[in-house]
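By written order: A, B, C, D, E and F. Residues from 1 in each chain.
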Amino acid sequence: MKQITNLLFEARILKDIVRSGYAFLGTGRETIAEHSFMTAFICFAMAKMEPKVNLEKVLAMAIVHDLAEARTGDLNYVEKKYTRADEKKAISHLIKDVSFGNDIETLIQEFNLGETLEAKLANDADQISFILELKKLKDTGSKGPDKWLPTIIKRLKTDSGKKMAESIMETSWDEWWLNDYSD
Amino acid sequence: MKQITNLLFEARILKDIVRSGYAFLGTGRETIAEHSFMTAFICFAMAKMEPKVNLEKVLAMAIVHDLAEARTGDLNYVEKKYTRADEKKAISHLIKDVSFGNDIETLIQEFNLGETLEAKLANDADQISFILELKKLKDTGSKGPDKWLPTIIKRLKTDSGKKMAESIMETSWDEWWLNDYSD
Amino acid sequence: MKQITNLLFEARILKDIVRSGYAFLGTGRETIAEHSFMTAFICFAMAKMEPKVNLEKVLAMAIVHDLAEARTGDLNYVEKKYTRADEKKAISHLIKDVSFGNDIETLIQEFNLGETLEAKLANDADQISFILELKKLKDTGSKGPDKWLPTIIKRLKTDSGKKMAESIMETSWDEWWLNDYSD
Amino acid sequence: MKQITNLLFEARILKDIVRSGYAFLGTGRETIAEHSFMTAFICFAMAKMEPKVNLEKVLAMAIVHDLAEARTGDLNYVEKKYTRADEKKAISHLIKDVSFGNDIETLIQEFNLGETLEAKLANDADQISFILELKKLKDTGSKGPDKWLPTIIKRLKTDSGKKMAESIMETSWDEWWLNDYSD
Amino acid sequence: MKQITNLLFEARILKDIVRSGYAFLGTGRETIAEHSFMTAFICFAMAKMEPKVNLEKVLAMAIVHDLAEARTGDLNYVEKKYTRADEKKAISHLIKDVSFGNDIETLIQEFNLGETLEAKLANDADQISFILELKKLKDTGSKGPDKWLPTIIKRLKTDSGKKMAESIMETSWDEWWLNDYSD
Amino acid sequence: MKQITNLLFEARILKDIVRSGYAFLGTGRETIAEHSFMTAFICFAMAKMEPKVNLEKVLAMAIVHDLAEARTGDLNYVEKKYTRADEKKAISHLIKDVSFGNDIETLIQEFNLGETLEAKLANDADQISFILELKKLKDTGSKGPDKWLPTIIKRLKTDSGKKMAESIMETSWDEWWLNDYSD
C-alpha cells in the first residue's frame, strides 16, 4: 500500500510542474496535470469516433503518458536539444514494488513507439491538447500562436487528428457557449 | 465534427476554473482539470487493486465526472446549501448533437448514483484526490487541513478507499523521492 | 458582537473569490471585493452628477449588493442558465442575529428590483465597472472585449449611465495620467 | 464627462496596485481596491452600531480614503520612513476639473485629521481591515501575524473599534460558515 | 556578521517587490531583483564591447543600483511626481555598521550622477532592461509597449546603448532559439 | 550586434523560468533571474570580506553561472538523477558568434570546477541564496525548510560561507527593518 500511496503523491506533483514550453511561447500557462487531463479527454472523444480503438488502453495511456516527468521534468523543444531525459530509468524507479507497475511501463512504451492505433491516437491527442490551447490564446489576442500552429498541426499522424485540427482552426474558442447567447 | 470541437473547448475551460473550496480552506489552489486528472489516476491505481473492476468504465467516468461544471460552475460545501445546479440540463446541452453524447450522460448518471463498483470507486477517488491535497498542505505548514481531513475521510465508501486514506495519513507527501535522497 | 465579527469575515471572503466571467472572456481577473469597490466608487461619482440621489443609500447598496455571493458563489452568464442561486436564503442566513441585518436585506432587495433611482444607478454602476475593465483589456491588447462591450453597454438603463459608457469608449484607459506626461 | 471618466480609470488602477506591507509580512496579498472595499464594509457595520454617525459621510470617506495612492503609490511602514508622499498635490491633480472634486478633497482631509466621529471610525476600520487579514493568515498557518497583531490593535482609537478587534481575536476566521457545518 | 546577514535579507526583499510601472503599462510583471539581474547582465555585455570600461565597477554598480528601493519602494513615472524618496537616508541606514558600506554608497552616488563612463553605461543598461521587456510584450500581443518604446529609447545616452536599442527593435524576442528551429 | 541582442533576449528568459526545486519543497517560488541576482549580491558581500578575491571575476561568474539554463532548463535534485544536461553544448551554442563568448565559457567552467577562490565563493553564494530563501519560508510558517536547511548548509565549502550560514540561522528574516521599528 505504501508504494501505491507514494505513487499517488508522485502523480500529484504533476499539478505543481508548469509546462516549460509556455515561457518560450511568451504567453499562457498549463500544468502537466492539466495537459494530461486534456489529452485523456481528447482520447475519449477521438476513440468514440474510431470504433476499433481499445478505449480502456487509450485512456490509461493518456493518463500515464507524462508520469515520468515527475522525475525528469518537462522539457520543451529547446531544452530537448541540450538535455537527455532517461525516461526508462525514471519509470523503472517510479513503478518499483508497485504491483501493477508493469502495466504502466507497457503503456508508456507503447505510447512512445507510436505504432498501435491507440498509441497513434494518444500521440495526436497530446498535440491537439496544445493546438486547443494555442487557438484559445490566438483568439484572445496573443501573437505567438500564429507562428506555432502550422508546426504543431504538421505533427499529427492520424486522419481523425488532422480533421480535428482543421475543425479547431475554423472554430472560435468560445463558440460552445456563445452560440446560445441571448442577453 | 463542429460539435465535438466545441465539446473539446468546453472541456478545456475546466483548466481555467479554480475549485471554489480552497478559498474557504484558506490555502491551496486547484483547477477542475487538475482535480479530474488526479481522480482518473487514482481510479487507475485503485482499479488495479480490485481485479473485478471494469477499468475502461471507471477511467471514462473519472474523466467526465465534473464535465458539467463547465456550465454549472464548481460549487463548494457552503455554496451547495444556497445554489442548486441543474446538472442534467447542463449535460443534455453539452452533449447535444454529439454522436457519443449518450455515453457521457450514462457515465455521469452512474457516477452520481454511486451504486456500481465502478461508481463507488470513482466517488472514493474523487475524495482521495482532495485528501492527497489536504495532506500535502498539512505537511508543508497549513493549519486548515487538520480540521477537514477527518470529515473527508468519513465520506469514503469502499474498503480500498479507506485503506488508501489510512496509508496517505501515515505517509509524508515527499517520501516518494525523499526516501532515496543522498546529497 | 460575535455575529458582526462573523459577518466581517464573511465579507472578507469576497477578496478570495474570483469573478467567474473572466475565465469565459479568456483574459483579465477580478475579485468580488475589487468589483464591489469599483461599483461603490462609480456610484459615488454618478450620484454627484444626479443631485436628487440619496447618496447614503446608493453607497450602502453598492457595498452590500454582492454580499450574498459569499454563500452562493459568483455565477457568470453561462452558469446562470444552469444554476439557480437562492439569494434570499443566503441573505437571511448571513444577517441572522445581526442587529442591522434588515437594513442589508432591504438594500439588496431594492437593488434587485431596480426600480428606485438609487437602484437604477447602482445597477448601471455594476455594469460600468465591467465596461471599464473591458475597455482596459481592449486597450492593452486583448481581443475578447470587442465582442462583449456592445452587449454590456445595452444593459444600461439610466441616461447618465449611457453617457458615461459613451465617454469611456472614447477614452483611453491611461489618459488620466498620460495627458500630463513629460519625460 | 471626460474628467469623470478619467477619474474612474484612476480609481480602477487601485485594483492593480498590491499593498506593499504584505511583502514585509512575508505572506498574504491584497490590492488597494480590496482593502478599500473592506474598509467601507467595516464602516457600514460599525456605523450601524453607533447611531450618531453620519453613514453617508463615513461610507464616502472609506471609499475615497486611499484614492491618492493611485498617484503616490502605497507606502508601507518602512517605506514611509524614507519616502514622503505629497498627498495634497496628488488629490489636487486628481480632482482637477471634476465638478465634485472638492467633496473628495474634504473627505480625505477629514479622514487624515481623524477628529470627527466619522473620521475616527473610518481610521479604525482601516486598521480592522488589516486585523481581519492578519487573523485569517494566522488561523491558516502563517507565523508573521502574531508579531504584528498587538501593534495594529494598539492603533485603534474608538471603543467600538477596540471591542471589534477583541472579538476578532476570539473568533476563528471560518466560524461564519463552519458553525452550521454538517456533512 | 549580523549586519551583513541583515543586508542580505534586505537585498532578498527585492525579490518580493514588484516594479510599479507595469501596473500602469497594463501588462507584464517584474520584480526589482529580476530587473537588477538584467541590468547587470546587460552591463556585462556592453562593457565587453567598450574595452576602456572598468568591468568590476560597472557590475557592482548594476547589482546595487536599486538596493535602496528595499526601503523607499519602487516609484514609477507617475508616483515620482507626487512622492519624494530620500534615497540618501535609505542608503545611510542600510549600510550602517557594514564594513564595506562606503563602497555601496559610492557606487550608487556615481550611478546617480551618471557622469563616468561606467555610470553612463549602467544607466543605459537600466533602460535597455526595460526596452527588452517592452519588446517582448509587443511581440507577444500587448498594445501598450508601442506607446512607450520611443520614449524609453530617447533616454539612452551612450552610442552603444543607442545601437543596442536599435538592434533590439529589429529583432524578434524569440529569434535566439527560433533561428535554429527544426521540427 | 544581432548576436549580442539575441544573447540579451536569451538571458531575459531566465525571468520566465521558475526554479523547479520549490515545487518539491512544496512552498516558495523563485525565477532563475532572481536567484542569479541574489547570488551576485552575496558574492559582492562575501568578496568584500575576503580581500584577496578578484571582485570582477566573482561578480561576472555569479551573473553568468546559470545562463545555460535558458537552454537546458533548471533541474532540481530529483530531476538531475534522471536527466543529463549537456551544459557545454548549451554554452557553445549560446556564445556562438558572440565576440566575448569565450569569456562567458571560461567563467562558467571555472565556476563548475570550483577550485579557485572565486569559484568556491560563488558556489557558496549559490547555496546561501537558497539558505536565505529557506530561512524566510521557515520564519513565515512553512514546514519544509527545517528538513532541508541542514543538508544545504553541509554543501558549503568556505569558512566565510559557513559563518554566514550560521549567522543567517540565528537571524530572523525581518530583523533588518524590525530592529528599528516604532509605531
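Going forward, a contact is a pair of C-beta atoms (placed from the backbone, for glycine too) under 8 Å apart; a residue touches a chain by one contact, two chains touch by 3 or more.
Note that the structure is predicted; figures quoted are calculated from it, not measured.
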Next on the checklist: For chain D and chain F, which third chains touch each of them?
Outcome noted: B, E
Checklist outcome for this item: Contacting chain C as well as chain F are chains A, B, D, E
Checklist entry - More C-beta pairs touching across which pair, A-F or A-E? => result A-F
Next on the checklist: So, comparing C-alpha centroids, which chain is the farthest one from chain A?
Outcome noted: D
Next on the checklist: Under the over-half criterion for shared residue numbers, do copies chain B and chain F use the same patch or different patches to meet?
Outcome noted: different
Checklist entry - Distance from the CA centroid of chain B to that of chain E, rounded to the nearest Å? => result 46
Item to check | Mean-CA-position distance for chain D and chain B (Å) | outcome: 39
Item to check | Cα-centroid distance, chain C relative to chain D, in whole angstrom | outcome: 19
Next on the checklist: Distance between chain D and chain E based on Cα centroids, please, to the nearest Å.
Outcome noted: 33
Item to check | Residues of chain C touching at least two other chains | outcome: 24, 26, 71, 78, 81, 93, 136, 141, 173-174, 177, 180
Next on the checklist: So which chains actually touch one another? I want all the pairs, not just one.
Outcome noted: A-B, A-C, A-E, A-F, B-C, B-D, B-F, C-D, C-E, D-E, D-F, E-F
Checklist entry - In the complex formed with chain C, which residues of chain E make contact? => result 24-27, 77-78, 81, 141-144, 147, 151, 154-155
Checklist entry - Of all residues in chain C, which touch chain D in the complex? => result 1-2, 4-12, 14-15, 30-31, 33-34, 36-38, 40-42, 44-45, 48-49, 55-56, 59-60, 63-64, 71, 93, 99-100, 103, 128, 132-133, 136, 163-164, 167-168, 171, 173-177, 179-180
Checklist entry - Can you list the chain C residues touching chain E in their complex? => result 136, 139-141, 173-174, 177-178, 180-181, 183
Item to check | chain F residues within the chain A interface of the complex | outcome: 13, 16-18, 20, 23-24, 26, 68, 71-73, 75-76, 78-79, 81-87, 89-90, 93
